[in-house]
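Note that the chains take the letters A, B, C and D in the order they are written out, and that residue 1 is the start of every chain.
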């Protein structure tokens, strides 16, 4: 029997994995991968709730926007990464310490 | 007159429309941007003339016909409320007039034209906001927002020491407005306890009329009259803008460093915002305290007159000299305010207008000269003459300069005289000694101007000056409205006096109740 | 005669419209502009002559006047104020005479200027100023109140400034014009104080209202800055006279004013503007009397008359001599006011205006003719002249008549007026010891006047030419009408007969000749009581003053005196008159011996009194005192100090110092921080310090992931609380 | 039945992919595993009757974002043989070490606890209702996008545009000054 909880569980797994990636990895692109995971988990939640709780399509719209934003974020984020790489010749997250100064 | 008019809204937002249009234009179309700004300011001026025409000079107080009132932040009873009366009308007309001329005199600006005109029009709108607001909060917002374009206009387009001047101007006025803010908030909280108001409000009209005479404050265990305490706070806030003596030092820096058009707006309009603040806020809200402090205001005004004039005499930089002369002339306005008589107050408001025109002329003229010579020294730091024989070299320019100079020193037949005579007549009734000393200030006022004129204009033409060209058509064009204003209002001041005398009389009678 | 707008206003509007139009014509249509100026002046002369005729030959009582008012602007607000500033026209005998004099002189000088200035490159501009100036002067004469007097007064000051600085290529012209304006402005400022005092007390500055207020005692018992109000106001207004009429101690500007073109010196600095100061004092005479400053006025006048005459003794510049003689003569007028010779002072004003204008015009023709071919400049130095009477007989004639007039020779106008002043001074001296000094100075000055004027005549027109080269280059004077006609007309009016029905003056009564002086009949001190029930007419209405029907003049020199007193006065007057004649003749004689016959060597005198001579040449060091002493040593260093204080000390430390104060507080805070943190560390709580330190350092490590973890945990905690 | 199969397979794909992303030692591989996860999520959308979302997921993520990432990985790898950059740091960034993985595990565990607590509550609170039948959502979403959510739609379009331009601007190689 597929219920809301099953979707939530999957989304939970995605989220935790995303968190883990974000913390464990030192590579900026890998961290971006983690962010994608987290975003997907959120989008999945929306869709699941739409299906099981309230039956209008607002959740879908929300998911759609999340996808849009994720795409935008990926584009800008990767651009920054590339720029960063051009400057520092590295994509190690601990090199990005400009905030410290 | 029945019905209702949105004219004030139009005047207030017209420059903002201009800002939008300018921002949408491409950066390299400088000509289009200039003409946009010019047309916009001319439309604004035309609207203000319409306002003047439709204005009913017999009504004391705010004109119902022009009132604009919309709730803004209703949780705190803050309204977007605009109004016009005989005191603000001359200022609105003056502002819109000067802005047209300033756009014309900024024609030669070449450094990021788009940003300049956008900021300039923005500044114009905020100044209108100050002169029109009837809500203290709105007034404060405009008062503060005005600083931002001013800061950038001085800081980017100014002279060699512009950052210092801009920061100084900003901090100085900011300090003053913080004090004003304290007063404003205090009034807001007190107003609910007042039986005649009954709710927390920022409405200037509701607050005014001397409703806070009995309140007292306890600060460090000492009872202080609420009105007196906050009057002093607001006094400092406005006095910085005027500027009154101990707070005057931002003015020479800002005036000297600012580009010509901004100096004109600074001296012509912004200084008047301070005295306008007294007339609109400090005096009506705390009439008793105003009367109590009248002596002090008069003495401060006197110091302004004499100190400004003496300092002006020692200056070797033309623009600085005129900046100090502004200090001196605003002292006359303060004297007129301190007199609190019909003649004095009317004279003060008239002087606000007249000083606006005459000092604008002076600054514009110095700007014209600066465009030719790229320096402003009467006597250079090494002791040689900076200018000489300009009379021979620039005949038209000299004639206009003479008119501006004599208007500034109050020659009868030119605009400065009537206002100064009225101020003196008003102040003499109360303070004989102060009048006599202030008249000496008038004497020194003539001295430094004539001395400057003599050093720059008489004698043989200096070699440096031989390349200067006389005023061109554009310059004559933008000087001519001021020349006409200075002469016409010197001979026939009634067009201004008639619109303001009832409103001013109203204020005087309010103050007289507490005398 | 009924006066309406149309018959009075053209007097002022003529020159004013000429000015207004001329401003736009000055560049292109210079000739037309000049013509317009002269035409405007002619219109003005025509209308003022009509008024003059009505007042002098019409059958009006001595105190007949026309007064019309209109509101200039007002501050009327219902229930709050009814303040209004009224302007108006006031015509009485005095202003009628004055009007005619001003318009006449101005017209003639306009005509003369078309000759004198024709070759000047700023020919048109000169007439612009001249028209504006005449507007001011005529407006002043027509004014009915002190405020409009002040307005026109300042307007004239501006014109005077512009005309003195007319040759603006010269540095000296700039200095002179500034000096003139500033010095007179000192007086003007006091004048304004006086106006304010009167306005506040009386509620109006109309002459008639002031007279009424004086008679009703409005000034009684009031004080201002510690002295009686009437004295304060009178003194302030008299300061205006001192400034404008170049009286001691503000006399320094008038000699420098000679930098202007000569016709302007004739009009402004001899005939009209400087006389306006005296005119003001005459108008305000009741106030001066009430304030009790007549003795002071007499002293000022006498000192001025004497001092200026002494300085004139050593001048070599022909215009400078005339300038000092102007100051000296103005001193006489002021002395006349001081000794109560109201009528005589005004008469001297008129006669002096005529002969001094003529003198200046003659001097102008001399200067214009003498052209140095080496420096291409006009020559004004008398030592380079001499023997000019052969080359310019007409000028010589005119100047001679004027010299007779100013020296006080019988039959000429100066005798009639000046000797009355001296006579009255003598009468006053016989009453009060305080007046002996003014009277004595007055007579001495008369001697000096005769001397220096004849010295000028001898040096210029007689003897052999001292600069042969210059003399040879001088043309025989051309008979151009626009030079000669004004000179001749003015010369004719230097005769005493025009002013007095009696060639020997007023006070020498020839038996059987009726007392017929129109001047003495017309001009009278204002009787203030008469103004009590006074009403002014609005401007549009027709004058009904003629209803105040002809009334036999009660003027009589003996009026109100006892018989013995009248006898005494006559006696003294006679003594004064004969003394004057003797003095004038002896002045002529000394000059003749020194400069014509050359029997007495003036150099001996110079050597004997070398200290005095130097003092005279330096104008008693007044210029040095004012310029070097007061300005350069006093005011300017003080100003520099103040300005340096303002920017260098006050702004730098008191204002910008706040930044330092802020930094100071910041340092204190940091220091306190360090000390407390350190001391706690020393006290053994270092662990905690290190702990916080570690925490802080860890939090600020700049690692994004760390921030992320922290953020995550905080959020988690928050959600935990929430759920 | 097909539902269940689809759900189970998609879920497996998703979870396994995610775990692989966490554990993969090679970035390229991690990216590929992300691809599987995203495809799995797309399948889950299908089971949730969100056909439009599923399609979008496939097109945008699988077709766009992951490709972008692959490009980025390739661009940042460097084409020279040096493994150390000018700052002396390894060029190919480490994918994490034992310490970081411990930290990550610890954090994830705590997160998991928290989220499980939330989910437990949710599970109790959600009513069990009859599921609506599968139907196409494209039409309705389209309608919603231009009616109720038109503002958000427009803003997101502006956002995308801005992101596009911004990304192009940021990543553009600059001319060297010298």
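Here, a contact is a pair of C-beta atoms (placed from the backbone, for glycine too) under 8 Å apart; a residue touches a chain by one contact, two chains touch by 3 or more.
Since the structure is predicted, the reported quantities are computational estimates derived from the model, not experimental observations.
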{"item": "C-D against A-D, pair bridged by the larger set of C-beta contacts", "value": "A-D"}
{"item": "Centre-to-centre distance between chain D and chain C (centres being mean Cα positions), rounded to whole Å", "value": "94"}
{"item": "Geometric centre distance via CA averages, chain B-chain A, whole Å", "value": "57"}
{"item": "Chain centre separation (chain A, chain D; CA means) in Å", "value": "5"}
{"item": "Centroid spacing, where centroids are CA-atom means, of chain A and chain C in whole angstrom", "value": "91"}
{"item": "Where chain A touches two or more other chains at once, by residue number", "value": "19, 22-23, 26, 93"}
{"item": "Residue list for chain D, restricted to those that touch at least two other chains", "value": "103, 107, 111"}
{"item": "Multi-partner residues of chain B (each touching 2 or more other chains)", "value": "none"}
{"item": "Contact pairs between chains, per stated definition", "value": "A-C, A-D, B-C, C-D"}
{"item": "Interfacial residue positions of chain C with respect to chain D in the complex", "value": "709, 712-713, 716, 719-720, 723"}
{"item": "Complex contacts: residues of chain A adjacent to chain D", "value": "2-10, 12-30, 32-34, 36-37, 40, 43-44, 47-48, 50-53, 55, 57-58, 60-61, 63-65, 67-76, 78-83, 85-86, 88-93, 95"}
{"item": "Touching residues (chain side chain B, partner chain C) in the complex", "value": "60, 168, 172, 249-250, 252, 307, 310-311, 313-315, 324, 342-343, 346, 389, 391-392, 402, 406, 411-413, 417-418, 421-422, 424-425, 428-429, 432-433, 435-436, 439-440, 442-443, 446-447, 450-451, 453-454, 457-460, 492-494, 497, 501-502, 504-506, 508-509"}
{"item": "Residues of chain D defined as touching chain A within the complex", "value": "3-4, 7, 11, 14-15, 18-19, 21-22, 27, 30-31, 34, 37-38, 41, 44-45, 47-50, 52-53, 56-57, 60-61, 64-65, 68-69, 71-73, 75-76, 78, 85-87, 89-91, 93-96, 100-101, 103-105, 107-108, 111-112, 115-116, 119, 122-123, 126-129, 131-132, 137, 140-141, 144-145, 148-149, 152, 156, 159-160, 162-164, 166-168, 170-171, 173"}
{"item": "Residues of chain C that touch chain B when the two form their complex", "value": "73-81, 83, 147, 150-155, 158, 162, 165, 168-171, 173-175, 177-178, 181-182, 185-186, 189, 192-193, 196-197, 199-200, 224-225, 635-636, 638-640, 642-644, 646-647, 650-651, 655-656"}
